Structures are given as C-alpha cells and as structure tokens.
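Each in structure tokens, the structures are laid out below.
Each of the next two complexes has chain A plus one more chain, namely chain B in the first and chain C in the second.
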Partner chain A sequence: MAEKYIARSKAIAARMIGGEMMVMSAVDSTFFTLNEVASTIWQAADGRTPLSEIVTDKVCQEFEVERDRAQHAADRFVDELSQHGILLVSDQPLIDSSQESR
Partner chain B sequence: MTPTLIADEKATVSIEIGGMAIALRTDDAAFERLIKNRYTGFVGTSSSSHSEFDVDLYEPSQPASPDEDLEVKTKGGEWLLRRGDFRARWDPETRQGHIRQSCNPYAIDCVLRIVHSLILAREGGFLVHAASAIRNGKAFIFSGVSGAGKTTISRLAPPDATLLTDEISYVRREGNRYMACGTPFAGELARVGENCSAPLSALFFLEKGAQNRIEPISPTEAIQRLMRNILFFADDAELVKLVFQSACEFACLVPMHRLVFVPDQRVWDIIR
Partner chain C sequence: MSLIAEMSQKALSLGLPISVHLDITYRCNERCVHCYLDHDDHGEMTTAEIINVLEQLADAGVFFLSISGGEVLMRRDFFEIVERARQLLFNVKVKTNGVMIREKEAARLRQLGVEQIQISVYSHRPEVHDAITKLPGSLKKTIRAIRFLKAQGLKVSIANVLMAGNFSDQAGVIALAKELGVQYTLDPTITPKMDGDRSILALRIPGSALKQVFNNAELVGNVEEFCAPPPAPDEDVMDGYPCSAGHTACYISPYGDVFPCVQFPLPSGNVRKQKFLDIWNHSTQLKEVRSIRARDLPTCSTCAHVGTCTRCPGLAYMEGSMRGPSTADCEKSFQRTGIPSANMLKRARTESAGPLIQIQLPTNSAQDGPFPVATGSPEALAGISVHA
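Right after this comes the complex of A and B.
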C-alpha cells in the first residue's frame, strides 16, 4: 500500500482549549474538536513524516494501542479531515504546505 | 465681475460607538438630520475620529433592496462593500472611505457595523448577536439566534440595569479584560442602547425553558456557539482566523454559561 503523507492546511485556525484541540476551517467555518489521539496525529502532520510512522512512533507509543487498530482509526480520521480540506494528503512528502496557526 | 468662490460645505457628523468615532460627511441636510436622529446618544463631540467617510446620496431609479446579498471583499488594500442599497469603500490605512447610497438609515447602519467589525477583528474584539446590560457595575451579554430571547430578556431588565443593546453587542478587548459597550443597533425593542461600557462579567447563551437556571457549558461548545453568533461579513480566511483566535482568547477570560429561563422578571435574580 502506498505511503500516506499528511499536512495541516493553511486555511484553518486551531487552538488547544481545555485539553482538546479545536480546529476550524476558515473556508466553510466547520469545527472539529480533536481528542488526544487525534490531536497527536494533527500535531505530527508536518507533511514529511509518513502517517504509518506517526502511528507507530507517536500513537502506539503514547497511548499503548494495538498497531493495526491505531492505523485503521488514523486512516479514518485523516479521510474525514481531508474531505473538509483541513488536512492535505498525498502519497509524496508535502513540502512547505504545513502551517499551524497556533 | 468678481468671481464667487463657493465653498464645498459639508456637514460632519461623528458617530461614536465603543469609544471609536467614525465621521460621516454629507452635504444633504435631510440626511444629516436623519443620522443625528437615528444615532441619538452616539453623536460624538470629539474632533478626532478613527475613520472618515464621504457620503453621497442618489435617487434610485427603482426601490433599492437592503435584502440583496451583501458582498464584502478586499481589493488593492481597500475594503469594498456592496449591497442593493449602497456601495462603499474604505481604506484601513488612510482611514478614509466613501459611501454611495440612497437616503435611508439601513445602508449607513450596515456600513457602520461592517467597518466596526473589521476594526475590532484586528484588536481582539467583535460584534455579536446578543443583548447586553450593565448591572452593579458589571456587564452581562445574552447571546442567541433570532427567537432565543434577546428582546425578551432586555424587556424584563430591572430598573437598576442599564441596557446596552437588545440586538448587537459590542465587545472590545482592553488588556486582560473585555468591555461591553452600548450600541445604537436596535432589535425588536426599537430602542438604541445607552452609550456606556463596563467590564464584562459573563456571557450567557439564551434558551427558553421551564425554570430559571444557569448551566455549565464546555469551553469548546462555548466557542463554537460564540462563533456562530459573531457578526462577520468578510469572505476573508485570514480575518476568519483572527476572529476564531479572538473567540478562544475570550473563552479563556470570560465565563460563558447556558442560561435557561422562564420569560418573567425572576430570571434577573440569578444574574449578578
């Protein structure tokens, strides 16, 4: 299966509030509240690190979750946010496309 | 024959909302009277203003519609505002602008709201669909969509409460606190607010119910609800981000709750 690279869109605003990451699309004002696991993936979405590596090195390490289950959940999360243009997804590294507003 | 030099005599009316004066220049005496009357209590006396607008009036060939879609966009550093009943431009650098409209109060009202919202967005403040009032030196905001109870809670305000608005609240940031300021933007009460301000003590999201109670609300839900009620006109991603950050900062400093209330005066017993 092709590797997946993810990067945060520039057209978003994000802020950690009360332990949860709030993400808002500046295009359509859609809101997402990310839980701890999703926040970890979000913060690691630098466009250069493959999603599989984020899952192995960050999610599995920090949350003691089984590898396949974590990968499946991460894929679903990435698909959903990418549909709203909040995460950019590519099978190639995404250079200079990542920006976190805060 | 001696040439006569006729000066371009324009009257200037300064409308001061939230401590920020916007000067309107017009050579139409009827329009001058109209805006002085509409903004009673908000006509400033200060000689300095944040921005100045020349207002030119025209007779529409057919009735201009304030219901037409509003367009607010930026081009070449200027903001361009457009609706069925007006065209306006404003340069935030020179702070000069121009409005072309028919002689009606709704167009100028809309321009003032937009310009204030754009200025406030850069300063951490905002306009929000909400009633607000001052009681015991503290300001309270009651936010909600149409029908949530803004007019009702305003109408029920006790004599010791000073009503700032029943429709559009003005929130300005001052260091580590927020001020709620009176506005002339009236809703169903058709009464302009008092032109005064006080430190903001709490924001309530209104819901009509069977008994009066204040309920907690999570910070993330509060921010989402606040964002839905903030007036924001421009289709500009950078400004949307600024407003979102302002809402988050606001949530860190001002308690936000859900206020479930029965529409009678006892609701004010729990607002202190």
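Right after this comes the complex of A and C.
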C-alpha cells in the first residue's frame, strides 16, 4: 500500500484550545473540533512525515494505542478532513508548509 | 449548541481570549460624519510591533481576528500584517471601506485565505453615501471593490450604519446587497467619540425608526418572536454577564492600548509595555469587568428586560458607569417590545417629581443673599427638601 503524506491546507484557521484543535475552513466556513489524538496527527501533518510514521511515533507513543487500530482510525480521519479540503493528501511529500500550528 | 458556541463556552471557562479586534491605524481616506475616531497618527505600532502582537495573540489562544481601522489599506504594510496573521492560522476578518481595493488587492486577499471582508455602505445613492463619507466618488469605488472581491469568491458583507440622514435608504442598500450577492448587516448604534465627545449622537435614528427596523421581518425574521415581551429572569440570567467584552474578547488600538472592546474605552494596559497575556490575565480593569454579573447592576437588575436586553457595558461606561444602564439599549428594548426599561421609568419618575433639590429661603433673609447659611446642624438645613 502506498505511503500517505499529509499537509494542512493553507485555506484554514486553526487553534489549540484546552487540548482540542479548532479548525475552520476558509473556503466554506465548515468548523471542526479535533480530539487529542486527531490534534496530534494534525500538528504532525507537515507534508514530509509519512502518515504511518506519525501513527507509530506520535499516536501510539503518546496514547498507548494498538498500531493497526490507530492506523485505521488515522486513515479514516485523514479521508474525512481531505474531503473538506482541510488536509492535503499525496503519495509524495508535500513540501511547502509556511503555516504555524499553535 | 453549535460547535462555535461550544468553543466560546470552553474559552470562557478557561479564561481564554478567543476573539480580538485589532485596529492597525486610525488614519482614513474618508471622513464619515458619524466616526468616533481621531484620524491623526499619534504613533502607530510598527510592522514589527504588530507582528509581535500577532504572535502573542496566537500563543494566547486567539482564533478570531478582526483587522480594522481607520482604513486598513492606509498602511503600506497591510498585506504583510495579514500574511503573518494567516501564517499564524487566525480566522481573519477585514473591515474596510473598499475604496483602495482593486483587482490586485482582491486577489491577494483571496490568496491569503481571509475569511470575510466587511465593507461599509451607507446608501445605494452616491449623493447620500458620499455626503456621509465626505469623499466624492466613494460609493462607486466601494461597489467596484465589492465586485472585485466577489469575483475572487470571497465572502463579503455590507455593514449599513443607520443614521437619521440615511435611514430612508435602508431598503435600497438591502437591494444593492442582493444584487451584489453579499450579506447585509445593519447597525443602528452611533457611539460617542473615543475622546468622550457625544455631539455625534445627534445623528442617531429616532425611536420610531428603530421600531420600524425591529418590525421588519426581512431583517429580524419572526417579528412576533423578536418583539415578544421578555420572559421573567431566572437565576441563570441574574448570574450572567452582559457580553464577551473582557471575558473572551478584547480590542487593541493602533497604539497598543488594550480595552475590553472597541466600544468600551476603559484602558486596561498597553502591549508596548507589557506582554498581552499579562494584561489579559492580570489587568485590574479587565478583572473588574469580568466580575460584574447582571445581579450587580443597580438599575438593570430590576428591569424586565434584564435577560434579553442588548445592554452594552461600554456604552454604559461612556455614560458614566459600567454598572449603569446604556440608554441607547434601553431605547432598543423599549422600541422592540413597547415595554419601558427600569431606567426609563426611573428617569420619568425623577423628571415628574420636579427638581432634585428645592430651596425655600426664610422670608426675612432674602436680603442677605440667595442661599441660607448652613451651620452644620440638621436644623440649619431644615429649609431644604429633597425629592428622590
């Protein structure tokens, strides 16, 4: 299965508030709140780190989740956000990432 | 509850500033008759200072950022500021008169991912709009800007401040907004100037015009519901606070001064002298604003409208006390429901009771001067009657 690289879209607003990431699409104003696990994936979405590595190094390490289960949940999360244009997904690294997630 | 309302509630419980209104300049190319600002530059923050403030705001948890003025495009570094704000992932709303926006500027705003552009339009007729802005040709340029922004797919809203001089053009502005495909918002509130000058309040629309606004289904939706008498306030209402000013929102001036809101000129600190979070967390002024609950308002807590009034604590502050009534909002509550506010009733009682102090001179002392001589004893003051 091809590796996935994920990057945050430029057309969003986002902020971490009380452990949850708030994300709003600048395109259609759709608003999302991400739980702690999803927020971790979001913050690691630098376009250079493969999703599988984010799952292994961040999600499994920080939340003590079984790897296959975490990967499955991460794939679903990435699919959903990419459908709204919030996350960009590619099988190649996505280089430009000038935003800062705080 | 919507996700945004949940987020605001969470910010409130955590004491976070989720929304900031940042004026980057008071300079303007228009001279609107109702404007509350002094348009001279008294030492605006530099680009570096503003970018530093933006970074502090992002670290503090601010999500919604309104960049306003004056006219924002009077600053040559406007796009540099917006670019940094977007890199920091703020939800950015820009308020402008649009006069300086052409194709290139509209494209740049789109590229930067600005959420919304709010543009002031006072009338659909140039002779009325331009007389308010005192800039000939301004309506034409503003409408041109709206078309450029819409062509870029940006969300645009028209802000229509209602005054006695443009009230009759309200329907024309609504039609213009429809034609342009943009949102329409109205604001019937003229506020005193920031230096306390209240002369521009004479421009306010009369109460009868407010009533017309509140009975316009196109503006308020269900008129019967909107104008319904207020329900009896419960404990939650009495423990509530009036608005987000100082609680989850604040205002920063071009000179770095921090206030609870743009309409609440209570100086609470300056980001040139202190870190933003130190001001937010430790300012005695902001703490005082946050401490006030509806039950602490001497007059408003006794008012039938206490739970539904749009009482602005900033306007109340400008009238003399942040715990007092805001008479403009008393008028709105009255015109909306037909029920006078506690403040209106109190004032009516005072006025009908005659002057506050009446002095009756002793018959044989008139030749000694106009005032009785008080010696400090209660008996010496017996000639003074006080009508509460």
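Assume the second predicted complex is superposed on the first by the 97 of 102 C-alpha atoms of A that agree within 3 Å, B and C clash if a C-alpha of one lies under 4 Å from a C-alpha of the other, contacts with A are read in each partner's own complex, and residues count from 1 in each chain.
Here is the rule we go by: a contact is a pair of C-beta atoms (placed from the backbone, for glycine too) under 8 Å apart; a residue touches a chain by one contact, two chains touch by 3 or more.
Because the structure is predicted, anything quoted here is derived from the model rather than measured.
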Chain C versus chain B on the shared chain A, clash or fit after superposition: clash
Chain B versus chain C as contact partner of A:31, first or second or both or neither: both
Of chain B and chain C, the chain that contacts the larger number of chain A residues: C
First, second, both or neither for A:17, with chain B first and chain C second: both
First (chain B), second (chain C), both or neither touched by A:95: neither
Where chain A meets both chain C and chain B, residue numbers: 11-13, 15, 17-18, 20, 22, 24, 26, 29, 31, 33, 101-102
Chain C contact footprint on chain A (complex, rising order): 10-18, 20, 22, 24, 26, 29, 31-33, 98-102
Residues of chain A that touch chain B when the two form their complex: 11-13, 15, 17-18, 20, 22, 24, 26-27, 29, 31, 33, 101-102
Chain B residues within the chain A interface of the complex: 218-220, 223-224, 227, 237-238, 240-241, 244-245, 248, 251
Residues of chain C that touch chain A when the two form their complex: 2-4, 6-7, 10-11, 14, 16, 18, 58-59, 61-63, 86-92, 113-115, 155
